[in-house]
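Right after this note come the structures.
Across the two complexes that follow, chain A remains constant while its partner is chain B and subsequently chain C.
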Partner chain A sequence: MAMQSLEVAFEESENLENKGIEEGTGEGAVEVAGEATGEGAAETTGEGAGETTGEGAGEAAEEVSEDLEKPSEDQQKPLLNREYVVSNSRKFNIDLAPKVLFARGDLVELLCHSKVSRYLDFKSVSRVLTHLNGHLMQVPCTRADVFASRDLSVVHKRLLMKFLTFCLDHEDHPEEFADFAERPFCEFMTERGLTPSLQLLVSQAVAMVSEVKTRTGLVAARRFLRSLGRFGRTPFLWSLYGAGELSQAFCRMCAVFGGIYCLRHPLRGFVLDRRTGNCTAVIDYKGHRIACDWLVVEESYIPQGYCMGIRARDISRAVLITDKSLFPSDSNEASVLCMPGKGPDGTTINVLELSPSTMTCAPNTYLVHVTCPSSGSPWDDLAPIISPLFHFENEPESEPSRPHVIMATYFSMSGSMGDVDAYQDLPLNLLLCRRPDSKLDFGAAVEKAKVLFQRMYPEEDFCPPAPEPEDIIYGESDTINPSEEVLHQHWGLLKVCRTICRNCYWPEKYSVHYEGNGKLPHTFHTMTTFFGHTRL
Partner chain B sequence: MHGRVKVKTSAEQAETKRKEREKKLKLYQVASAAAASKRANGEFDKEALEITQNILEQNPDIASLWNFRREILLFWEKDRQEEVQEVLSLELPFLESCLRVNPKSYGAWHHRAWVLVHAKHTDWAKELRLCGAFLQKDERNFHCWDHRRFVVQHAGIPDTDELEYTSQLISTNFSNYSAWHYRSCLLPRIYPDPEQKGRVAEDQLLKEYELAQNAFFTDPSDQSAWFYHRWLLGRAEIEDAITCVYVSKPLQTVLVSFSKPVNLRNEEDEAVLFVDSRPFPSKWQVPDKRSTFSHVWVCKLPPGLLEGETLQHCLHVSWKDGRLKKECLLYPGSKESWCQDSATDQKLFSLELSIEKSSVLRAEMDSCRQLLDLEPENKWCLLTCILLSRVLDPLGHASKTLTWFKKLLAVDPLRTGYYKDLRSKYQVEDGLLCMEYAETRVLHLARKELTSLFHLDLMVLVTHLDVSGNCLHVLPLAMSCLQCLQVLHADDNEIEDIEGVRNLPVLQDVCLKNNRLAHLSQLQPLTSCCRLVSVELGGNLVENLPDFYTHLHELLTHTRPV
Partner chain C sequence: MEETNKEFLFKVLVIGDLGVGKTSIIKRYVHQMFSHNYRATIGVDFALKVIPWNEDTLVRLQLWDIAGQERFGNMTRVYYKEAVGAFVVYDITRSSTFEAVMKWKHDIDEKVYLPGGLPLPVVLLANKCDSIGTGEDKMLADHLHSYCKENGFLSWFYTSAKENVNIDEAARFLVGHILSNKHLLIDHQGDGDIVSLDENVMSTHKDSRCC
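Up next is the complex of A and B:
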């Protein structure tokens, strides 16, 4: 029933698009969003979980039709409460693994190179914030920011710029930090004449690390600095409609060239060849046996027995919906705030604040993701950071400047085991993907996907550029249009992708990928598998 | 090969592209020919507008076609006013698309300005937004900057708004030299200095110093802020003035020098000489007998005019219709006399940088030296320190300045010549100041690594000049200003050209030992010095020429060279 009302909602919303009532969304992007949310929400309602978004699905359709009748009325700022959020639930896209892209990171290069970027829209993260001496401030990360900053004296500006320039080229001058490489980063910064507050600025906001060794700190700072000046004022990009769009886009490119996805086919088991130990097939929930040459799965599929008994570190998460930005200013489309965690091991807590223009939350609201590696319960890990920044409902109105929290949820997610070495005796044709980590960006995902792909297809290019539509020759080809029957005959390659997050009681969702004879699809699919479908 | 996507090969792609281009070329040629024939036949019709539009859309750089469009519109203007206005209103979006094709199209920008002026209802605010949008794409598009100034002028946009705009651009990217420059044009208009023409009032100036400082502390290697800073430190325009009047009885000459080169032969710049209150029909000449403009002008007096040992004479020069004047008294019994502005009183050399309150400059100096501590190799910072020390106290900072120059030469070898010349200039200034303090007419500039001579116009009264032991290649023509020079020491240089000694009327002794004079012809300027007594030429190649001394005697019959 819930499914039906959702579909109605999407039809209506597409109508809205056609009439151009909602502004600022490209047609293609909206289409993708429709699918994405459809999937996620359908899962949610089906399973009866998902406190945050599931409930309002039914009302969405009504609200849309109201909008059509009196479109001018929501000019006024609505009362921002739980009811507003619930009745606008379709406008929220809440990532389970919210991540940003480094503007010069591998992923951006891959998106451009493979032309998968044509299915995606991005917004530049508009600012990086930091918490310095009890105050939030905007990090002057570019030359222009440093120039315009009123928080720094001219001499501090010089010291900061000089140090950042050094971080950027530190690889060319190893002699200058050789003595400090294995000593704490802060000692090196002291040696370079940085004041304590400048040190905090560099470590928290630029390197985004807590207490690390100089070498690590320099590398981290370099990664940040290298991505500056490509798009916008910060090194980060945010994919509109959420980080989950990335896997959508790779799926799509895969599907365009013949890949097939079977959604909602949970796996029941693997079939192993007793002789070789290889995985020869999987059994889906209906008992179908699906043969495979290779099997790529995310690590939670692996039965306990294979695991060497190391407990993975969980991820503590909080998702908040608030009524205004942490740091209101002219440009606050998306903000990144990195704070030192309370653990002694140099972990950081990442805060990502998204405005409605990122297509992840309803007008006038802000969506805040807080993530860190677990030390205790999510509440213990995150509340000490969250409560001073936000104003909760039952609190006395002490500081009116803090954003009000309309809804909040704390939860934890299974972390990755880290290395594949953590598993023993796995079938040789079974390849493992990691679960998303607590990092702010996608980290080494591209590199890892490439390694897996090359193991399966050492001869093939990884994500080659997709041809331009006008260069494709139509009509001459004898492309198969796989019917159900053909599908069964050609289960040549099977790949399985499952959403992460067992702790949220997520339904198992698979997509099964049919591989035609063309080799284009599976390479894109490798990427898809890596990002997982990670949306609430 | 089932199921594989079939893609055109690169040869096929190239072929498709070639065909497209060929087709485009054909269309283009046909259209161009059509437009040209219409223009030749005087067919100023709608179709002509359409044809030219189609071509210009692809290539907005054909000036003839823009001209044709204007001709059509002007032709219609008499009896088809409404239609013209209609076309003009459509011209703007069309031009915008042309400018997207080439944002630096001279023709398109020019036509746009023409349309804006001819249209009845021009939305200047929108036009200004357009400029903003184009400048956002390319902040140094000077076509668009020009257009913006044109729009600002016509729309009557206040200068303060434009200043705000430059602030905004600078805060996004302070390497935007165009924006800094625009600022330097606006500031003297908005905050004029009440005393100095073309300068900025002190309050605002302080803010600008702070802005520039922020920029060069953030990135000291970025030159735009340094250039701006130099402008801030810059001088007021030199005002017209008579700086010196000199009279010599034995030579029967009056000599006048001015604050900048002038042409007294120009009727409006005529200077009138009064001798004992009687206007003298003076015939002014330049000392080098060649230039049109000169700092120094000479007037021969007829013999007998300054006669009488017991009489006092008054020489009075009046210039610019009497607004500027200077006089000099020749006392009884004296052979010469002068009246000269003092270099120190006039802050002649500090003028290189403006005469701000010294506390401001001292603060600037402090922060630059602070930056220099952080960036000891930064050439801009070194240079600025030098400039500042020149204004504050040239002689006091002399040794520090030389150290900075040494460093500058080491860190920026590409500009060696510039720095050496600049150093020479400052050395000459210091020499002039010392001479003035000592109240002599002897100028010591020996062994100062001079590469060039400066401020020769301020040496009018110098009788003894010592420039030996430097790196001079030339005694420049401008040395002819030194009309009182009697002794010139220029040993141990690299001099190849002594054109500067030509026509020095009282020059007696010339020392040119160890230079690079290799031919007799190079000595020819000496022949014009009619009071020459001795010339020393030892250590020059010319000495080795056969029969050199015989030839020299022939050349200079009235001298005794050693």
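Up next is the complex of A and C:
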């Protein structure tokens, strides 16, 4: 009943809004803005809600986003310095939230099922590295790799294979670890006869955890092992051009089925209905009013007044551009390296090293992301890991030679508040997405997107398979639109793009807005969503 | 050099302001139809036209529609990536759409380039040419000629999706240009082991729901 009255109340302003934008005149917009702020039943809150987050992130951007000369065709290795990086800035795609996909994870399944994968290409992360006894080594991921490895003795190989096989099936044998389930993972591994270095190998490189309980460690190891053998030699996939491509692919699919995007439209405020407390519209930076039935936003848009005063844990980041791989080889590699963090709470520091073949950096360079939950400043958290691995300018040359850092930046980003409980009195039609976390993969993003979607549209399928372009039939009377049924089904895509976006680098401020017109099924609610990631 | 039985897949963008006739051009070219009814584009991703270029060469031309995303003037890069050419379309009867042509050209140049680093070949289409008289178009032609030279367009065509004027010609021109410069498409950076989920799903899941 509240919904109905809202629709009526804002019908007029919505029309004005459309007119203003489509004709590209400023007049319509001004009128809309005036009406919005002067409206009796509404109040505008949240000044600066659309402001950017992650201040430090901008620094890296400025250095590499200048657009200069085209890259040279020179086949010889160029002089790798700042000038080279800047003049090839277009070849760098630096993610705000760099993430890999587990080959058998939810996101891969969803991409395949929804056919959103048609817009994406991936590269298998070719190596998992680990830091063992002061040296970097490649973690043998396949059975063949284990037996070919020169870093392990035959006895160790057997022990390792046996233990990993157990990890994979541990759910079928709960009695074997029941006594250890809540005790440290390392105790269980000791009990299984693993030497300290094998234990490090399993926890750092396979489970990718630091100090955790046995149950957690086994689940983490299983997730890694289960994704092996599907694509390439490791369990991980990297999306070419960066993790930000994923959100764009969902957005493209959404646009094809009617979603409308307003890029570079930061939000200025929310309009609330005083009676119901619901959010009825948002106001963009130009004063455009966009009505909504639901509003799905990332946490940073929530005005301070709604926060319970809980301080989110920040994320410490470092981005480095180097001249060679940490672990040089003949081919163009993408590598994952997980190191124990210095925090007391079992956090890990994730290192992702990307070669030019990942389409994120210029030829002959490597792009390195180092990420962890913050304990102190980004420098304090990350420099102890980074310094021994890389060679910085003005340092004496080391032996063996380490990758030279051409450019580097340290910064922190706001972490997620985690639970919705961190906020009070939020409008009921406002749904929250979390900020990106420091984890290596997308975690439960798909699951969470699905939950939010089902709250809004409990009757709808979540991301049903999109029809192939050639299967859409154009009749004489309906030359452009596919059937209403098809449109109806694809509403689901809007939702997922939103939640996944929060975990991705997104190149500019934008929003998703669906405008109903008379031709479309009523289940297409007018809806607005905003994402708040800073351009890198 | 083996030159027989070559097949190429080219992604070509069709770009321009709202209502200039992008979808109509694609539909005329690919599906040989035209509709008077205007509707904002929904549900059009890309259309495929198979062109038997000559005895030895087959070109699969993917024409990517903008899918209504132009309304607010900024496109996501997913739309642009791996394109090898573009048509920028404007409506000859609406000067504001011509003013937007440069904006679209800049957007292309900013977000995509050929693997070798050169800008994308872009052809300008002056659409709805059926709506103007013959006297006017002579003057316009001179103007467009120099405009293209100054602003880095490969060429321009009068087109009409309604009357089916010049659309085949424009497409043939652009494809011909791409073919004769195909050495520019070789990527020195990438390597072969790119994973496309579609194919792998096909091979690993025989029971997949795509059939």
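The rule is simple: the second predicted complex is superposed on the first by the 404 of 536 C-alpha atoms of A that agree within 3 Å, B and C clash if a C-alpha of one lies under 4 Å from a C-alpha of the other, contacts with A are read in each partner's own complex, and residues count from 1 in each chain.
Everything below uses one rule, namely that a contact is a pair of C-beta atoms (placed from the backbone, for glycine too) under 8 Å apart; a residue touches a chain by one contact, two chains touch by 3 or more.
Just so it is clear, the structure is predicted and the values come from calculations on it, not from any experiment.
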item	value
First, second, both or neither for A:L111, with chain B first and chain C second	second
Contacts of A:L136 with chain B and chain C, given as first, second, both or neither	neither
Partner chain in contact with A:G232 - chain B first, chain C second, else both or neither	second
Chain B versus chain C, judged by how many residues of chain A each one touches	C
Touched partner set for A:V451, first chain B, second chain C, both or neither	neither
First (chain B), second (chain C), both or neither touched by A:F257	both
Which of chain B and chain C A:L428 touches, first, second, both or neither	neither
First (chain B), second (chain C), both or neither touched by A:H265	second
Touching partner for A:A178 - first (chain B), second (chain C), both, neither	neither
Common interface residues of chain A - those touching chain B in one complex and chain C in the other	257-258, 472, 476, 479-480, 517, 519
Residue ranges of chain A touching chain C (in the complex, touch as defined)	21-22, 24, 67, 70-71, 73, 75, 90-91, 108, 111-113, 115, 117-124, 126, 230-232, 237, 240-241, 245, 248-249, 251-252, 255-258, 260-265, 331-332, 356-357, 359, 363, 465, 469-470, 472, 474, 476, 479-482, 486-487, 507-508, 510, 517, 519
Touch list for chain C against partner chain A, complex	18, 23, 27, 31, 33, 35, 37, 39-48, 67-69, 71-79, 81, 96, 110, 113, 116-118, 188-191, 193-198, 200-201, 204, 208-210
Residues of chain B defined as touching chain A within the complex	1-8, 13, 171-174, 213-215, 217-220, 367, 370-371, 374-375
Footprint of chain B on chain A - complex, ascending	143-144, 146-148, 154-155, 157-159, 161-162, 257-258, 467, 471-473, 476-480, 516-520
